[in-house]
Amino acid sequence: MTKTKVAILGAGFISDIHVESYQRFIPEAEILAVYARNIGKARAFAEKHHIPAYFDDVDQLLAETDCEVIDICVPNYLHAINTIKAAKAGKHIIIEKPLAVTLEEADEMIATCKANNVKLMYAEELCFAPKYERARQVVKEGAVGEVYMLKQAEKHSGPHTDWFYDINLAGGGVLMDMGCHAMGWFRWMLGNAKVKDVYATMSTVLHGGRTKGEDNAIVIVEFENGVTCVAEDSWAKHGGMDDRCEIYGKGGVIYADLFMGSSALTYSREGYGYAMEKADTSAGWSFTIFEEVFNQGYPHELKHFIECVREDKTPLVTGEDGRAVLEMLYAAYASAGQGKKISLPFHPKVDRPIDLWLNAKQD
Amino acid sequence: MTKTKVAILGAGFISDIHVESYQRFIPEAEILAVYARNIGKARAFAEKHHIPAYFDDVDQLLAETDCEVIDICVPNYLHAINTIKAAKAGKHIIIEKPLAVTLEEADEMIATCKANNVKLMYAEELCFAPKYERARQVVKEGAVGEVYMLKQAEKHSGPHTDWFYDINLAGGGVLMDMGCHAMGWFRWMLGNAKVKDVYATMSTVLHGGRTKGEDNAIVIVEFENGVTCVAEDSWAKHGGMDDRCEIYGKGGVIYADLFMGSSALTYSREGYGYAMEKADTSAGWSFTIFEEVFNQGYPHELKHFIECVREDKTPLVTGEDGRAVLEMLYAAYASAGQGKKISLPFHPKVDRPIDLWLNAKQD
Amino acid sequence: MTKTKVAILGAGFISDIHVESYQRFIPEAEILAVYARNIGKARAFAEKHHIPAYFDDVDQLLAETDCEVIDICVPNYLHAINTIKAAKAGKHIIIEKPLAVTLEEADEMIATCKANNVKLMYAEELCFAPKYERARQVVKEGAVGEVYMLKQAEKHSGPHTDWFYDINLAGGGVLMDMGCHAMGWFRWMLGNAKVKDVYATMSTVLHGGRTKGEDNAIVIVEFENGVTCVAEDSWAKHGGMDDRCEIYGKGGVIYADLFMGSSALTYSREGYGYAMEKADTSAGWSFTIFEEVFNQGYPHELKHFIECVREDKTPLVTGEDGRAVLEMLYAAYASAGQGKKISLPFHPKVDRPIDLWLNAKQD
Amino acid sequence: MTKTKVAILGAGFISDIHVESYQRFIPEAEILAVYARNIGKARAFAEKHHIPAYFDDVDQLLAETDCEVIDICVPNYLHAINTIKAAKAGKHIIIEKPLAVTLEEADEMIATCKANNVKLMYAEELCFAPKYERARQVVKEGAVGEVYMLKQAEKHSGPHTDWFYDINLAGGGVLMDMGCHAMGWFRWMLGNAKVKDVYATMSTVLHGGRTKGEDNAIVIVEFENGVTCVAEDSWAKHGGMDDRCEIYGKGGVIYADLFMGSSALTYSREGYGYAMEKADTSAGWSFTIFEEVFNQGYPHELKHFIECVREDKTPLVTGEDGRAVLEMLYAAYASAGQGKKISLPFHPKVDRPIDLWLNAKQD
């Protein structure tokens, strides 16, 4: 079996997760190279994961390796430039969320990939998380009848890395970071139905000293098919990661909880090494998570893309889906600024999605 | 990469699980052949799973294929004979629980494997189930201090296949089928500490019309290190599979629940295809399980054995461990018969472990 | 001890709950009389609960009994008229939610009670439900730091009684029936802070054949103190009653679940008499609730009012609070109609709150 | 209404619980007097609870007050002497668990109460705990078919008060303190069926420096009707009180959890006042209990006894039941000493039940 050659851009938290997924679960891929802006960080990452090459220059990586797939795990503001470079170099691309900072970037990324005839997959792992996917299956089997409402929440106490808090680099706060998951999952559950309108409220409750971005948000999305969806996203919730969905149908309901709802329950007087993502402590009661990477669906997601590349298939989640999510985030920011529903399609020109909220607040 | 060649003996429920594990998670192995006593069943299994060869004769399978590993998933009474054949043919062996029906068989199996210089792994998947393994890790990190009590329970409403209920074929009832998991896991958690004595009580509460075997049992095991362990096993518990452990230490406690504690919670008026193993129905509230095979640890277990074969390492769980478990089951049956603790070592001569209970009951 | 004399208006579901509360937990009160529009229903209720007198005429009840307290449990459209009659007769009044159908009614009720110097308590039992009150206490102790978000959900599959579905009698759908609980509880948690604005979305998903009212609603309330609150209310959720709250603070979080989160978990092949309110079935898995009346806070609430009457104290929840809740419901209906936040104070003239939604929809 | 006059013996933890029960929920009783061995403690208790009289001499209390009911909440070794005094004084008696230290005491207590024609109620609150009672009801309705196994566990990290750890005063360790609950509840669930035999294992794992008594125990009770019961009791389990039961029937199963299973779930960075009984901390995740006294059934239990006194009825749980529980505890200690089942009836002569274990261990 020849292996599909992958290079990873980025050497942070999410890159670790991708590498674990490839190395444990996707034998048909091999990681040839890693890029980080800091060469020391690139080298350390390569050594830790036994990756043969490392770079601090994407052009050099593209020129000097024969990778077929570029897996983009860099900060938001570097998504477009690297996607475009990789596409022009003829590489297939899988890219972490959100697709881009602006819709213009998104459009250019999609167009460039098309022009260069390379695949572009938008890596929304909730579309592959096994508990959620199992829920989606039983919905398709009719378990809850016709769906009329979906909820999805993702909450923790805030990222560790600085760039998330810099709205120039991230384009916004928790909505850009985590709200995109809910938006992507709603569309996935509804067969990419069309969004009618979006309402949002948001605020900065915990990290005001560190960011101008929102760290708590509620978004209501109404789809043309009549389904109402509610997203809750927060960087202000203590006690560890929370990732839940609720599916309401005319014949039943499903509750799925990825973290607390799959963990062992531990009481430790002295504490121990690690309970779960963003848990402040492991002393006292804690929810001890296991096989986090697998249970969030990263291996399933990446395996799917490698299969698409090897068998020349279209990914289930594409750049267009990523763009649709970004449009919903634009609408959410604008809605929070204006205090009313924003109808889609919606394509104002802004440098950062969050300006649609911040600028309205200043008025 | 050359693949390690595996043949599977058995074409039932557990064989399906092993095949899913190999095919999805263990690319370094390939399944060459399957054996079933009924050739039609063997052929159907082979076709379903794209296995190139099928047999209703183990000798023929051993002679005609160049497999390196025999994975034994046949009923208990066929464990010894097939292990011995495979060992004499120079094959490495991984065998489902329980290791054998009698201690004499177990001794012969172990000796034959040694004599033929082949590996013998006792496939106790609870030693690999990721939630339980995560719990074991945090115990090792000191999360609960010194352990003083362990509990493990496995319960459902009874197997589907007939031979489980025939004590001539199975050697006993739920203890042989499921009690072995608890015994194996206790030893695993305690670093294969020595058992001091075993007490058990058991009865036939639900399936008396179908079996002379026990379908409900409580076993207390006291280890020489002072740790007390309690196993609960049942074929008489409705509402789906239950597999839980509790770990009590002087500095804390861990509760881990493999099935209900990892599932989505669904209410379905009409019901749907499948909720979890042995759930009677999926209508009303149900606990919707996902990635069952992975979360029970089968891929981790089989991957470990394939690695042992490829890298010539000793399995973490061996035939000797399987024998030690069987000795505990002997002691449990004798204890239930005599109403008192049975000290180990314990090696009475019987044809079937359950006779130690049944014969005492008749007195 | 002389007992405080109470008459109950209404002989339905909620009247049973009040009577159980008085008779088991409030010995300082005695129920003298019951009124129902149907004399047979009144008599049956009186006999069932050993109440000495029954009436189908409120004026007669007021004239012929020497009750001091009128406990109003009749349908919404009869709230104002009976409150005003009782107040004019010099009776203290405790009234079930919502306070009234219109703000004009509410104003008249409050004014009449004041003019006649009688107490008017708005019976919001969530302000007394012991689990929620315990949560409120620990919040006051600083358990979660400064609160920034509250959520409250109440959902089941729809009332049994017809008048709830008739918007002429109820004034609206699930918001009037259950949304008022969330609104009342938000204010209670926040010390009756002022509401800045309300946003809502609603739809009729399950009971469209039976009502023009909404049976599913999401309401976002923003308070002047910066706290964001989210209410979810539904008559379209199967599997029994759901009543939950979530309290988010800058130093922690509390999740409280009144029904599923306090029940025993039962699997019954054959089913049994009653699992919990609005559970469709007790076969299969069910959440078996206990001491429902107590755990929802009815005895605590009624005991408080009897104490107010006996000791001449002001109730903790008054007619003004009920009016404030109703104003929030008005704003929610208007918001759902207009697709934007509605700022408070808000007092449009309508016959039924739901017209603010229905009329906007027709435009 | 004349009130039934009650005097309480004891001024500790459980006396507080009884007083809260009487004062909030049993208006037909009034507490006239309290006794404690230390007069300062008696006075402080009386002042705290507005009890008119306090004593440090039981004889004086019996002579000087006209109470009709003596509620005995003193340490185990004072149960017999005070019961006998109260009975001879013609008082009805309700007594906390265990009934007595020895069977001889129990026999004398029962006989003296009979001779003096006073009622003797054994206060097993689990027979009245509303969640457990609800479970018992649905079992009687047939929810789980014929019961074949019961489990009951009560665990925390050890009492605060010293006498519990002194086997001369308590007669034993956690079995005397908490194991009696399980024994009482098993008999209650099974209509006081006859016990066939008892097996137990026990050890001192956490409090060896403070007590010779067992602080961890497993007891298996087999009833003549074929039902197997398992009790788990511990003073060595951290993280707060655990009180659970499981009911297994041929047609279903019920799980009921009194503490964690009825609480709110709180994450508090800073901690707060009180989470639940014996919780070491309220920082981090905690299970916030509410209405503890009510939900454990104390008001229901005491109300029942007051009703028995007022209406001259026989208590549902009598001195004979308390004696039967004590006999089971004797058998458990003897079994743990001898390593075998002990058949009932069983009445060895010992000063302290625990001697049946300790003396056998010394052999």
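Think of it as A, B, C and D in the order they're written, each chain with its own count starting at 1.
As a working rule, contacts are C-beta pairs under 8 Å (C-beta built on N, C-alpha and C of every residue); 3 or more make two chains touch, one makes a residue touch a chain.
The chain list, named the UniProt way, goes like this: A, B, C, D = Gfo/Idh/MocA family oxidoreductase.
Note that the coordinates shown come from a computational prediction; the quantities given were computed from them, not determined experimentally.
The minimal number of chain-to-chain contact steps leading from chain A to chain C is 1. Among the other chains, C has the CA centre that is most remote from the centre of chain B.
The pair B-D is the one among A-B, B-D or C-D whose contacts match those of A-C for more than half of the residue pairs. Centroid to centroid, with C-alpha atoms defining each point, chain C and chain D lie 39 Å apart. One simple way to say how far apart two chains are is to compare their mean CA positions; for chain B and chain C this gives 54 Å.
Shown for chain C are the residues in touch with two or more other chains, namely 238-239, 251-253, 267, 269.
Of all residues in chain C, only 1, 25, 27-28, 130-131, 133-135, 138, 141-145, 251-257, 261-273, 282, 288-291, 294-295 touch chain D in the complex they form. Within the complex formed with chain B, the residues of chain C that make contact are 238-239, 267, 269, 280-281, 283-287.
By the touch criterion stated above, chain D contacts chain B in their complex at residues 148-149, 197, 199, 201, 203, 205-206, 216, 218, 220, 222, 226, 228, 230, 232, 234, 236-239, 248, 250-253, 338-341.
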